[in-house]
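Written out below as structure tokens is the structure these notes cover.
Chain lettering (A, B, C and D) follows the sequence in which the chains are written, and residue indices restart at 1 in each chain.
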Amino acid sequence: MRPGAALQAREPAFSLPLRVYYQDTDAGGVVYHSRYLDFLERARYEWLREAGFGLRKLAEELKVIFVVRSLSIEFRRPARLDDLLHVTVRLDQVGRSRVPVAQEVKRDHEVLAQARVELACVDVLTLKPASLPSELRRAIIG
Amino acid sequence: MRPGAALQAREPAFSLPLRVYYQDTDAGGVVYHSRYLDFLERARYEWLREAGFGLRKLAEELKVIFVVRSLSIEFRRPARLDDLLHVTVRLDQVGRSRVPVAQEVKRDHEVLAQARVELACVDVLTLKPASLPSELRRAIIG
Amino acid sequence: MRPGAALQAREPAFSLPLRVYYQDTDAGGVVYHSRYLDFLERARYEWLREAGFGLRKLAEELKVIFVVRSLSIEFRRPARLDDLLHVTVRLDQVGRSRVPVAQEVKRDHEVLAQARVELACVDVLTLKPASLPSELRRAIIG
Amino acid sequence: MRPGAALQAREPAFSLPLRVYYQDTDAGGVVYHSRYLDFLERARYEWLREAGFGLRKLAEELKVIFVVRSLSIEFRRPARLDDLLHVTVRLDQVGRSRVPVAQEVKRDHEVLAQARVELACVDVLTLKPASLPSELRRAIIG
């Protein structure tokens, strides 16, 4: 069985709808490539918010923030002005402080971009790796 | 009677909710000033969409786009990470091709920024001023 | 005599060259309007750096940062991909903490955008208005 | 011999200096992660320009543009406000239309981020893969 298969069955992805505006496009007529990373971030934070953890709660109460350690992204088809996109978040194997997520940017059922983002939970002040707070761990792993 | 008063009574503003993410902030800990212009644009296009005129319909069917001729903005209080903002749009006296709008960025009832944006309706190919299409004019002036 | 005339003669503007990349443009084929504000900021900070005041020195040694209180900008002609622009900074009448500047975005001798930006010098921690440090005042007013 | 070794010896990297401004940072006090992709793009286009191929020449004369097919990036250390960065470009094995590049974002001799970007040369109108024009091929492969 492929490693992703069980995960996919078990863990339905969170999905955020987004509209494409001029500010997201470039003179090539399509969404500028780095803008996808911004879309991915918005989806991750709405996913955390839905789990009960807004950005301010994370930073002020739990004293952690998430930083992106690495990411890889494949751009399959261009998104265009006025498109309604859906950006998904699916959690992979969470470590002590590492939180890898698989994300997709879709238009209807078409996958426009596919990304894997490696997040690290870090102390809000020192930016050093911090254990994922247990209440947050429970909320997102379920 | 102040010129704005009648308008305000007659024409309730369109309002778009927006969440502030890391991508909107800067190292000063607040929303970066040029980002407000992006917020204003999102609200203007959602206002047009609600009136039945998405960006693609404007460009492909009516052959017009809107460009910003000038704008002035006053930043009163900083917006911060995780804030839920509301961005309003209120139409001012529309000309043949000029569409001036008054916009605000609010957090609850507090006005964080106040802007006046002078839009021009231009031909999608030549970028020359174009008469506001009459169906669009009826839809937004009401 | 016009108020600006003496100033213009006395105070040659600082000018920063900038190249336009895809990241600066939108699907209309021209530079996206809020991007001009980013260009203006880059010119202001290079102007301060040339006067001996880098961003870190301002924040860490002098304990101040500049925030934008208000701005108005007029977009005259579009800048395009690959254009080499020059962004100027000209100081206006400096107050205790207010630093108004006039800025232009030019392509050769053509003015593409003209802006007036009202900066305030604020305490780096409290974000309350702070007197412009005297050494900085001397350096920029000359 | 490591695959990259011969390349590294043969092909010194192009390097673009860049200053970090507020617009590049986020409320975490460091450069926002998607902004690195913008830095990488600026370096790639200055590298092409140095080879004699500005963006307009590519699009208007050679009728091609480059699109990003995929990229992976590792963020090792944060860049901060006011940092002077150097962004490098090193060409990997060029295909018919694929142009893979290895890029780094450095502060002095410290590598802050390391990326591999897979570019595709595409027709400016159809956005379909196009053979890398031979004069461009000669100029960048040398």
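As a working rule, a contact is a pair of C-beta atoms (placed from the backbone, for glycine too) under 8 Å apart; a residue touches a chain by one contact, two chains touch by 3 or more.
Predicted model, so just to flag it, every value in this text is computed and none were measured.
J.: Between B-D, B-C or A-C, which shows the same interface as A-D, counting it as a repeat when over half of the contact pairs match?
T.: Of the listed pairs B-D, B-C or A-C, the one copying the A-D interface is B-C.
J.: So using the touch definition from the top, which pair is joined by more C-beta contacts, B-C or C-D?
T.: B-C
J.: Express in whole angstrom the distance between the two chain centres, defined as the mean CA positions of subunit A and subunit C.
T.: Taking the mean C-alpha position of each chain, the two centres sit 35 Å apart.
J.: In angstrom, rounded to a whole number, how far apart do the mean CA points of subunit C and subunit D lie?
T.: Averaging C-alpha atoms per chain gives centres 29 Å apart.
J.: Hey, how far is the Cα centre of subunit B from the one of subunit C, in Å?
T.: 24
J.: Counting only residues that touch at least 2 other chains, which ones in subunit B make the list?
T.: Those would be 22-23, 28, 30, 34, 38, 41, 81.
J.: Which of the residues in subunit C come into contact with subunit D in the complex?
T.: 19, 21-23, 38, 41-42, 45-46, 49, 54-56, 59, 81-82
J.: For the complex, give me every residue of subunit C touching subunit A.
T.: Residues in contact with subunit A: 22-23, 25-30, 32, 34, 80-81.
J.: Looking at the complex, which residues from subunit C come into contact with subunit B?
T.: 28, 30, 33-35, 37-38, 41, 65, 67-75, 78, 127
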